[in-house]
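The following pair of complexes shares a single chain, chain A, combined with chain B in the former and chain C in the latter.
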Partner chain A sequence: MKTLSFIEDIGRRSPRFDAPDKARGKEKFASDLYPENLLWAGALRAGIPHGEIRSIIVDRALSMAGVHAVLTRKDVPGPNRQGFVYWDMPVLCGKKVRHAGDAVALVIAETREILAKALESIQVDISPLPVVDSIDAALSDQAPKVHDLTTGNLLKAATITKGDPAVLATCDILLEEYFSTPVQEHAYLETENGVARLDKEGILHLIVSTQAPFRDRLEIARALGLDPGKIHITAPYLGGGFGGKDGATVQCLLALAALHAKGRPVKMWWDREESMVAGYKRHAARMHYCLGAKKDGELVALKCEIDYDTGAYAHLGVEIMALGLEHAAGPYRIPNMEAKGRCIYTNNPIAGAFRGFGVAQVSFAFEGMMDRLALKLNMDPLALRRKNALIRGDKNCADITMTHSTGMAECLLRLADHYLWTDRGKWVAAAPRFKRRGVGISAVFNGMGYGHGLPDYAVAKVRLTQSGTIRVYNGVSDMGQGNASTFVQMAVEILCQDRENMELVQPDTDRTHPSGSSSAGRTTYTYGNALIKACTALRDKLCNRAALMLLMDDARGFAMVPGAVRHLATGKEISLAALAAIMHPEDRLCVADHLMVTTPEMPQGGEAFSLGFPHLIYPFAAHLARVEVDELTGGVCVKDYLAFTDGGRVLNPQTFEQQVQGAVAQGIGYALCEAVQTTQSLISTRDLSTYILPTSLDLPDIQSHCVETIEHSGPFGMKGIGEVGLNGPLPAIGSALIHAGLPMNRAPFTPERILAALQGQADKKKEPPCR
Partner chain B sequence: MKVHLPESLDALWDLLDQHPQAGIMAGGTDLLVSLRAGKQHLPTVICLERLAPLQTIEPLDQTLRIGAGVTLTRILENSLVHTHLPLLHKSVASLGSPLVRNMATLGGNICTASPAGDTLPALYVLGAKLSLASAKGRRILPLESFIQGPGKTALAKGEILDSVIIPFPAGFGVQHFEKLGQRNALAISVVSFAALIRTQDNLVQRARFAWGSVGPTIVRSPQAEKALEGNPLSLEALLRVADLARAAVEPITDVRASADYRRRVAGNMVLRLAAL
Partner chain C sequence: MQIKFTLNHQPVTLEADPSMRAIDLLREHCGLTGPKEGCSTGECGACAVWINGVTRLSCLMLAAQLQGQSVVTVEGVNPDSPDTLHPVQEAFVNCGAVQCGYCTPGMIMTAAQLLACERTPSRERIREAISGNLCRCTGYHKIVDAVEAAAQAMDREIS
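For the complex of A and B:
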């Protein structure tokens, strides 16, 4: 008997399975790989946001010693198109560039230094076209088209309707506001990278920092006209993803380079500046909200118009807009809504998936409306939210019945009891000289899973190895959120094993099964559900095989214990190694799948979205921020932060807390300082000295509490909380500011904007009234 | 690129003589950033880190002489700095991050001559003098005449900054430094402000102010200083000073902030003195 060992089962605050190897530097990220004999590949970026390519002269680069190939559009074997749904993004641009980060040539060289020189030596002649640098520019009548759409630069427009939005005009209280949110950068530590090699059998092997290895295989195959069966992708742990590695980054370029590398491995690794110019970002949004309510605070109707700037390519812009509309009125009971959305092409950097997927933007708007309503009614802002909070059986603003776990009201209730809320009056009054204090709250939600129309499934695989260990084959990337570790924890729970007896394989298109992307708060949920089935099947099988060996009639009365299967009545045991020795390798394996449930309901107008709309299950959160504003500089400091999160049952309090802490930190950055700035669609915040991420000195202590509901459809009762935490900080801080007399409609809340607000220079434009 | 690590001043003078195009590197936290960005190309770099005479902190007659190669972390840990130069201490503590301060030197911050250099406002109001050394000998220059513009100094070819001589500000009861960056660490100043104030019977007897990041070099305003003298540190008196400060600064607009904002804050920061 080992004395200190314990089973790290479900519910336990256990350290991550991968923590020791990561702490020791033993775990290899894609960027750590330097295979022998490698070549470097790099893309030449257009540098011009909109233009027609006249010529690309590569002779000088080609003649340089150590340069193996210089590729342009004509060297791309397939249709040269990538992108999830719209396939609008070239691997290498041939005729036209649509944003400054477009790739126009690909160089393969012996070293990184030669690569840089060769890229510099290429002469690209692009005749500039007028730049579509904003939503307004894109929608103007004379706007040049970024793509050849009959709808101009309008990629998609849709309206979803619930009830009779016309009642808005007859409401006791009618409020109207405009809000806007900035472009946010994912800014992961590990920038986009991978290595690729074409082997003698013609199989293309890629090891990539990616959230979606299985989809990548299809993307590469389609873009380059290859057989997906001949593409093998491995996804090691990622040094951050947040949505930015969901979709092709280096994949197609790397694959193309490998095709021209004569079997040598090729590495591509964007530096920070390239990641900034070529990587995906969060959509900037502008929102026009009209909210109607009764005198007692009951919400009656919302009309809103939400525009998303998707930049040069669609990526998941339409799906992101769909989520914005779905969440447009917040986690509240509101009988009437009309939400109009537009997703618009510009020449700005490409916007794509990002934690909080379209919802982070509207959270600022709907919570901003709630605070304004509370002020208007002279009502406690928390009471107002509690009065309207969704409960089981309600229909949400997208007309979906809340049939699953719904902890919104409970989150608010817990927050109402917390000293950071109850003591707020005293705290605000104690503001030092030249400081102004405010306490704000927010109530947020975020649909989880892919949603209707995009089957959300996973296939889990678990094996008893020859040596008697249990190996989990994780099929969904772990970008740092800890899903892989939780999978081990689930297997440990069901199979009753020590961690020392567990092994873990990371996603690999040869060894693990397609299980979708690491995204949408679905990762642990969907794969976990499949894994429970696989582990249960393996447990039953092992008990059964043990019964055979111990000459028992059947497997009743057997249980798994660490390292063995035991017959409880007699105490007889057979070790897993002994069992493994007699079982056929194929018999030591269990595979099971899971398909997430979706809602059969569809709001009016929702048919416009064929993929991922609407959702059935939502995690909820209530946040609180205590904010201090410097009246002399406009600086905003978040002094205390509090988050109550309903993620169903908590499988590992530590991982849960890490998700909340990370999301809140990223959300505070979104609220206070993060903004990709562009001038004529060229990025002026080109690196991390001008794109401002919060540091540890900019973040308060963040208290995280779980509000445990039970999500019956989820593995052990959980639902995914990776995203919801990001949606809270911007509205909570905005709420604190408005209650300190500083209504802010534009994020981030930079000192300059705050100082202007302090001096009464509202940053609101006057626009037409609600129709 | 060739890198030399001389271990004596004589070896340094020889190297400087042989490689007139060489760059000088102390902590490298400015130089290496500019090299990576391709803003300069250097065939040769000569490092100062092994030169013992640049590494000392010594008191002398109500002054402190800090070797140009002393790292900012060592300055923060030095008890004489802590006791006698709290203003310098505060400004150094606001610079970069612990990692940056472990490498960065005081000499480097001065020779970079950035209008945003965070030790500069403090060193200006403290009346720091610089000791410049070369094969030919030494000369002493007030900091204000050493810095000539953004990135421009009075350093001659073959010359280095060897130490910084800082008088203890005797009798100055108020030693105030404030930095506003876009965040609380690893931030380039948007506006910074240093003040030394001596009072008697609650009236200001002498005031010295300096602002960073609001002009091509550190901005002083004798008018603003004079305007406060003879007055109490009241909001009323400071409001007048703030106006003079706004008139004295010449800020620019960049990706961090607008000129207008910087001007307003340069004045507002003066008001903070009322809250001390």
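For the complex of A and C:
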């Protein structure tokens, strides 16, 4: 590749630092590691969604040549509990299985083939219990309990109230609808995996495809009763994450395997089917909405009930529900709201964190209400949204004052001017025979950071190396979003170095500092803020040391230039390598931390959530979809897609567009074709030919534009946009369909459902009335 | 059994179980982890390599099928100057077609093969050609941009 001779500073469209090695096939992902002398570990999955374990007979497996160990619950040294807030998930099940993907035994073998045979030969006797396969089944009086809760299968219920929701009854216009959204698979191309080894000193080393290496260390220690100080985790670049690698996947199983491998390295790599059966998913939700407005379109009140199916274990289900309630009425000024949420255990596959974290679901509902209101009032749907859009100083639906960057209205304004919107009438009218066209929009937002109750902090570290290069120690996993590259760009900006003079270390619990998980749109924001401080301190220090060497009184008048520090007035320079040679290694290092601000406001009812609620800073977006429906097949095709995103200042337009386009693609899949199917809680979509991901032929070009506000609290004015883009497509496509005469209340919009709607069959199931 | 083939333009002779999958032979025995495994069932394209110049899925092939063939992985797409990037790789980097990068090697093999056959494919044609390669990160937009840019760069080189 040609040498890039310019400084790739902030704001520039720079190719990513990690891209060349990935394009060469040189980058080593966790799954690319095959340490010498390795053993393979694999878990036996229950295969039964609910039942009591009577016996597990492992003798045949144990007697097979090449099998090193077969472990069950009794071999787990610690409390055997995994989870974020609710430690409800066993590493290996002993008494009970709660979903078909539960691990009941762990085998360590010489090869993958032996491993597969050994797993097959284990005899598990599980006496089945009645299966809790839906929210309704879970809440019925006779429902068997998935966990031993006094509240039955109700993990958590909460109500957020703003103003006086009772005014709903007196509104000019009152609309009521039910919506439901499917279970979505993360479907990262690199499935869950890692390698582990116990060294002679008793240190457990793991290299894992994980979004949260520092949390993993604590989780492994807790679940297996180990000393966290003796666990060392490295997180190379991930082949995708999207939330699905935040939390325990292979970690505890691998650690347990390594404890029994006599010092040999152990590799565990779930295949696609195991990833689908045992991995986390997006929560299915059902939502009941009652919206009240004035005749002129001003929103007055919302009452809604939102149920999330968290599957067999809590994971972050309660926090996900909290975000759903926080965003329940959309990015609008609405004075009265009552949002009730329930998070419910079933025997379905485990639902957990996924880009759009609880908000993707409610976005469909609140935007669906806006389109129905626009139709009812015969009002332009964009004008209706603009009329109600949050501006700074407003209180959002969760009663949080918008004190930070708030670009919602601007996103809509820009969308209103775009030809895809202004030309829509012509385009719709030009639909070919047997095709029906619609143009839809959506306005969405997504709280950024961990939120109240869980300090969102990061510790950045940067070093001038012995050889005069600058090394950034990234503490937050890069699952593909490019935060690591942006960190280099930030350091380049402050220290004025060429990319060639930069080095990057990926998260490593020995070398980098705890900086939280790669999640919640916080990654670049929080670590970036810390890194700016660390780099600024290093710059000042290097100027200072250069002054000493060049016999100047102080560091005034010095500046960093590529490869050196220069005294501007005299032009005298000292190279970074020369500077490094005289500095003590400890002096060549700067560490700084950052803690994200949180809101002091607490909505009524918010105390129910111990953490993750509410938020202070929100990115916003307005999306547009031009959709064509085939009236003969029911197929829906997105012809054009447009997104305006307020992410504060844009640090690198290329990575910005990457995030938006990727999120939109995942959102279009969510709207059109992606749904994990289960029968009696058993997954039937177990591969990529039954679980359909959008291919290059299914997606249009995705136009992404930024609406630059300044997020004053953010590094160089940015805020995180990793999540918000996912929330737009489902409602935008739903909006296009309703304006084409096809109101849809259930996602995804499969050909069967579209055909039913075309035949005038209402897309509504009878649901219970408002509680 | 003994398997003799050409790997990234070098002759190799290996002792391997013929029933082993080609992808495992390449990744575990030859240390070439460019080809990725995303599904094992021919659905994702991450494992794509060239066999005698034609893109094939190495997860669906057995080691024995490599006998006597010429195999090229992403590590070997630019044989003349291994230190520089192939124009397709360079375009992927510059156009932002790489995010997590796990689909990238397979995409590059497919795209480079397309451009070996067609000098200036349309965006539609590019979308068709890469439709067997899944990407979960990019939405394909920038991948199509990259293949277009690479086509232009290569076309310039030729003319």
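The criterion applied here is as follows: the second predicted complex is superposed on the first by the 761 of 771 C-alpha atoms of A that agree within 3 Å, B and C clash if a C-alpha of one lies under 4 Å from a C-alpha of the other, contacts with A are read in each partner's own complex, and residues count from 1 in each chain.
The working rule: contacts are C-beta pairs under 8 Å (C-beta built on N, C-alpha and C of every residue); 3 or more make two chains touch, one makes a residue touch a chain.
Since the structure is predicted, the reported quantities are computational estimates derived from the model, not experimental observations.
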Touched partner set for A:L755, first chain B, second chain C, both or neither: first
Touched partner set for A:S684, first chain B, second chain C, both or neither: first
Chain A residues touched - chain C or chain B, whichever exceeds: C
Which of chain B and chain C A:D133 touches, first, second, both or neither: neither
First (chain B), second (chain C), both or neither touched by A:C673: first
First, second, both or neither for A:I692, with chain B first and chain C second: first
Touched partner set for A:E410, first chain B, second chain C, both or neither: neither
First (chain B), second (chain C), both or neither touched by A:A23: second
Intersection of chain A interface sets (partners chain B, chain C): 689, 693, 695-697
Residues of chain C defined as touching chain A within the complex: 27-28, 32-41, 43-44, 46, 73-75, 84-85, 89-90, 92-94, 96, 98-105, 108, 123, 126-128, 130-144
Contact footprint of chain B on chain A as seen in their complex: 432-434, 632-635, 673, 677, 684-685, 689-690, 692-698, 750-752, 755
Chain C-touching residues of chain A, taken from the complex the two chains share: 1-2, 15-16, 18-20, 22-29, 31-32, 34, 186-191, 237-242, 271-272, 479-482, 654-655, 657-658, 661-662, 664-666, 687-689, 693, 695-697, 699, 701-702
Contacting residues of chain B [partner chain A, same complex]: 97, 180, 182-188, 190-191, 255-258, 261, 264-265, 268-269, 271-272, 274-275
